[in-house]
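There are two complexes below, and they share subunit A, which is joined by subunit B in the first and by subunit C in the second.
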Partner chain A sequence: MLTLRYVRRRVLYLVLTLFVAISINFFLPRLIPGNPAITVLLTRYGNHITPQELRLVESQLNLSGTLWQQYVGYMVALFHGNLGVSFYFYPASVSSIIAGALPWTLFLLGSATVISVILGVSIASFIGWRLGGKTDSMVSTISISLQSLPVFWLGLILQIVFGLMVVINGVGLFPVAHAFSTNVTVGPNLAFIASVLYHSAIPILTLVLISFPGFALLMRNTISTIINEDYVMMARAKGLKTWRLKKMYINKNARLPVATSVALAFGNIVGGAFLIEEVFSYKGIGWYLYTAVTTSDFPLIDGIFLVITITVVIANFIVDLLYSFLDPRVMLE
Partner chain B sequence: MMPNGQFPSGQGISASSLKRRSAVLEFLGNVWSNRKGKAGALIFIAMILIAVLGRIFSPYSPYDTSFGIYLPPSAAHLLGTNYVGEDVMSEFLYGTGVSLMVGFIVAIAAMAIGTLVGITAGYMGSVTDDVLMRLVDILLVIPGFPLLVILSAYLPPTIWSTILILSVLSWPFNSRIIRSQTLSLKRRSFVLASRLSGLSSFRIIIRDLIPNVLPIIFINSIFIVVGAIVAQAGLAFFGLGNINSINWGTMLYWFETEDAIIFKAWWWLLPPGFGIMALGIGANLLSNAVSETSSRIRRY
Partner chain C sequence: MAGERIMELKDISISYVSKKEKTDAVRNVSFQLDKGSILGLVGESGCGKSTLASVFLKLIYPPSKLMGGSLNYYGRGDEEDILNLKPPDLRRYRWKEVAMIFQGSMNSLNPVMKVEDQIIDVMIDHDYSYTEAMNSVDKLLQMAGISKRVRSLYPHELSGGMKQRVNIAIALSCEPKVLIADEPTTALDVVVQDQIIKKLESLRNELGLSILFISHDISLVGVIADKIAIMYAGKIVEIGKATDIMNNPKHQYTIALLSSIPSLEDSGKKVKGIPGKPPVLNREIIGCAFADRCAKATERCRSEEPQLEQVDSEHLSACYFPG
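Let's turn to the complex of A and B:
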């Protein structure tokens, strides 16, 4: 069903977006007067750094030579997966830190997104049929209130409630920090998996509570428009059974905008996940970004921005292609 | 029905500035006469009053550390005290001012940039449109929070840096909606009439298009106010921007950094969150009111 023209356009757009993200990463440190990374190094180790060492650091950060040489050096390093060395976690390389942390973030993000979409769509299919009623206004009000909350604030509240207030035998009902407990061996064993799920419950719950209302409200509003469409009235007039009308005519069409919004919402949930990782000391890339920000670890900040942007942009690209299977009309645009 | 019956701006040149103002007033009047619109507006008015008058009525200086630490709410300290013994009520009243200032400045900037870009793209069409909309697409797909973080990390840590960054990143969605409105409007008869009567593009934009996109601009701006406040709070929570400025975000930052959670200091945690939630609910009420009443306004 994919037309070559459509795929070509999406690929072009993907490349363009990646180019912009990479350019931000390249130019930002170079536009700021007195490169912040070098400033940090000099203020921290100014007395111990020899000019040779400084030049070495500069060449590692691709800061020597003309702008064009810097750009080429930067691109070459990038294609080798070399994002430099972290200041704070020295001598760990930025790419090794991100490689270790990214799976944790993707786990939070992926589970939260999937659960939110399923929950949002289920709730909307339920209230979409009772528009204007008491259930509808109650669910809508709760959704809107939840959606308005700052995610990290809700995280703190749930942390107090489940970790400090609901206490059984002197221990909180749920752990409120870290991705797994220290007494399990990391690896594909049952104890480890159980510990990971147990530790991620409240962070994922927080993300879901913030994210599902968007999907629910979007689909609810779509249903309210679709219900008045001619083809629905036609189906009704010819005496179609209600469940069939609802399932085949309304819900199926009302899910389409939700599918489009998943890609954009994914970018927003990334922000939520980063903040939540800080609250729960969950060592995904959000936690490392927070640490990098508080310790002025510029190579790590740059690397994390680049990797998460590439991840989100590629996820968007895949969703766009999949979406053309769901709704072939998009290719006609 | 007369095609421009509701829109006097297309009828003549001489009286248009006067009638444009009446379109704005009519729009606000419609929102106010709606039950949800009134509730939403009252929430915003109350918050703005707290923001403007809070400093005058705050019981103590928010920098006064002469009280005990982590005192729970009492008659002397309605919202208790924080980790250095500052009065949380005073902190909240001051902080509301800064948070709302961030929200409104960003919303005004985003409205100006978004309207300019959207109308330019929609009205000029062809290459201009293509270039601007690709830029918007790209800005919308790059994850917002990481982009905010990297920009904030490189700029000096002041509240004005935060406002600048949020303004620069908040307009794309606005511009896209205004572009699509402009596209549909520019084919309508009253715009054609203005063009035939010899008005310049700029004057057509000011006289005919702006009043017509008003409901949408209004609602987007309200959501940007709330979005910017939440984004600023998130950045502050990450330790970015000026963490010593008193606002809702930095209140939560210090709560987290000082591990106030161990003291279960809910009186310090709840106020900023409820402030943001109130604004979010207010924005949604206003948005519902506009979509309920705007059919009256936008019936061309």
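Let's turn to the complex of A and C:
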């Protein structure tokens, strides 16, 4: 149940989290040695820099003054909705870069999470009924192995398999780079959508393979304890039909911890999605973050971390709502 | 008067089996449950009462294992061997013929389902129509002595006593002929305890239910039961009419149990506990299982196990020192 008090508290929590995250995000990258203003000037105007030019660029990029002055300047700009200008993609603004990249990441992340949860829960309900059997130990072993693979490594392997090894008419079965092909017009047309789906298949597959085992194993283990609960014994005694026993008494209770873990795992999936975007040259937030970090592009790093924080907090909020819907014992107060 | 039987246990043995050891929780138990009567099953914690209760619905799942014996049911006319029913027939027998109130009834309700749904689902699965099931919820809750308002609540919104009444309502939903009540009042305060006991008694009178009432409290069982069976270390050691057991016990264990009840009338009466503790059941017991705690035990008690023998009409005891 959703109360006004709950929403108020949640918003306060969001603001606090954001403030802490923004501050940390501001100071951390600036501890990296080097002067980005020089980098910008060098890449744009060759190796001829006058001190006047340097100071001009420094003040434009909010790099002049002490770190505290820069921090205050950044916060003031932020309150005006100004995330600054990217150093590396100068003169593009950080907000425009994020606006262009975010939908791609949300698409990748969202589909991977939803597919992983559905797959994990389905597999668990299947083996939860056959605990200790051959299928159980096989599925559990495979799940644990998959879960232990580094996501970027699995991405590379799948690139090799689907892009190089399974070849039809001299072309790989699936594209292994970029979000869509260059020969379609961007927009809400069928060819574009098809191309996007086609290109996202392997990145999403990689993310799903890494994340579904966690959900499957968690739910399987929950089922193994729930099966000994008094209410399950009573449900057996009631002579209920097997599907009802499984669906209403076992699964309905076993999926509760999974909902919690989705919230917790979301952070991990975000991290995984970023690596995957780099591996597949998929121009989402992760790809830009990677570029920003390797080029000391402070405003872009700050902006992207801000977006990540907001996303994770919002995802947690959604899971909370979902949880109160799944478990009548939970009141959102 | 030998009542008409509705269930008969013969030589039931149930063990808990692990790789390392075998614990014989129930050892060769035989008795019958009479139609429309209440049989009280009394024993200390760990004597095998609940394990024995699980056999009536064939709720025997690992690590417990049925080692032998048979369970006959006469509620549908012909004699039926319940332990050999096929899974679909067993499913139809459960709750429709024999229902149960569980010991852990605080946790027997599904936390994520409303009360009414937990009544309706079992009725639908036993061939009642949805409307029929929906309409009987109020009546069942009323019969169990609880407001019909609780039908749309979740278990966590109920008190312990209310949960127990909901369990009774669920138990009655499919109009069973037999009710197994496994310590139905253990976690409840005495006032609610009394109400539940009266409720069970009136259900027997109104619906003609046959009830197996399991409890560790012999004074409680003495109030409600027509017949009483005393269980010790997995065996029935004495069985007979409630009045006989309460007033004229024959087995030394029953005598010790009865003298451990404080009395309201006789304030000078000494309340005696039973020294020692029940034997562990993971190895064979030679002689009488109670011998180590019994004041009258002799060499014979320790070497040769006494068998259940008739001591009076409908009164059996397994003790060398009757009375």
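Here is the rule we use: the second predicted complex is superposed on the first by the 268 of 333 C-alpha atoms of A that agree within 3 Å, B and C clash if a C-alpha of one lies under 4 Å from a C-alpha of the other, contacts with A are read in each partner's own complex, and residues count from 1 in each chain.
Convention: contacts are C-beta pairs under 8 Å (C-beta built on N, C-alpha and C of every residue); 3 or more make two chains touch, one makes a residue touch a chain.
Being a predicted model, the structure only gives us computed values, none of them experimental.
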* Once the two structures are overlaid on subunit A, check if subunit B and subunit C clash or fit side by side. => fit
* See if subunit A has more residues touched by subunit B or by subunit C, and give me that chain. => B
* Thinking of the overlay built on chain A, is A:191 touched by subunit B (first), by subunit C (second), by both, or by neither? -> neither
* Mind working out whether A:138 is in touch with subunit B, subunit C, both or neither, as first, second, both or neither? => neither
* Asked: Between subunit B (first) and subunit C (second), which, if any, makes contact with A:235: first, second, both or neither?
  -> second
* Thinking of the overlay built on chain A, is A:322 touched by subunit B (first), by subunit C (second), by both, or by neither? -> neither
* To do: For A:21, select first, second, both or neither according to whether it touches subunit B, subunit C, the two together, or no partner.
  => first
* To do: Determine how wide the angle is at the CA centre of subunit A between the CA centres of subunit C and subunit B, giving a multiple of 10 degrees.
  => 70
* Kindly classify A:313 by the partners it touches after superposition: subunit B alone (first), subunit C alone (second), both, or neither? => first
* First, second, both or neither for A:150, with subunit B first and subunit C second -> first
* To do: State whether A:253 touches subunit B only (first), subunit C only (second), both chains, or neither.
  => second
* To do: Using only C-alpha atoms, work out how near subunit B sits to subunit C after the chain A superposition, in angstrom.
  => 12
* Structure fact -> Touching subunit A in the complex, subunit B uses residues 134, 137-138, 140-147, 149-151, 153-155, 226, 230, 233-234, 237-240, 252, 255-256, 261, 264, 266, 269, 272-273, 276-277, 279-281, 283-284
* **Touching residues on subunit A, where the partner in the complex is subunit B** => 13, 16-17, 20-21, 24-25, 28-29, 32, 36, 144-145, 147-154, 156-157, 159-160, 164-165, 263-264, 267-268, 270-272, 274-275, 278-279, 289-290, 293-294, 296, 298, 301-302, 304-305, 308-309, 312-313, 316
* Structure fact -> Given the complex, residues on subunit C that touch subunit A span 57, 59, 61, 90-96, 99-100, 102, 104-113, 117, 121-122, 125-126, 154, 156, 170
* To do: Over in the complex, which subunit A residues touch subunit C? Could you list them?
  => 229-231, 233-241, 244, 248-249, 252-253, 256, 326-329
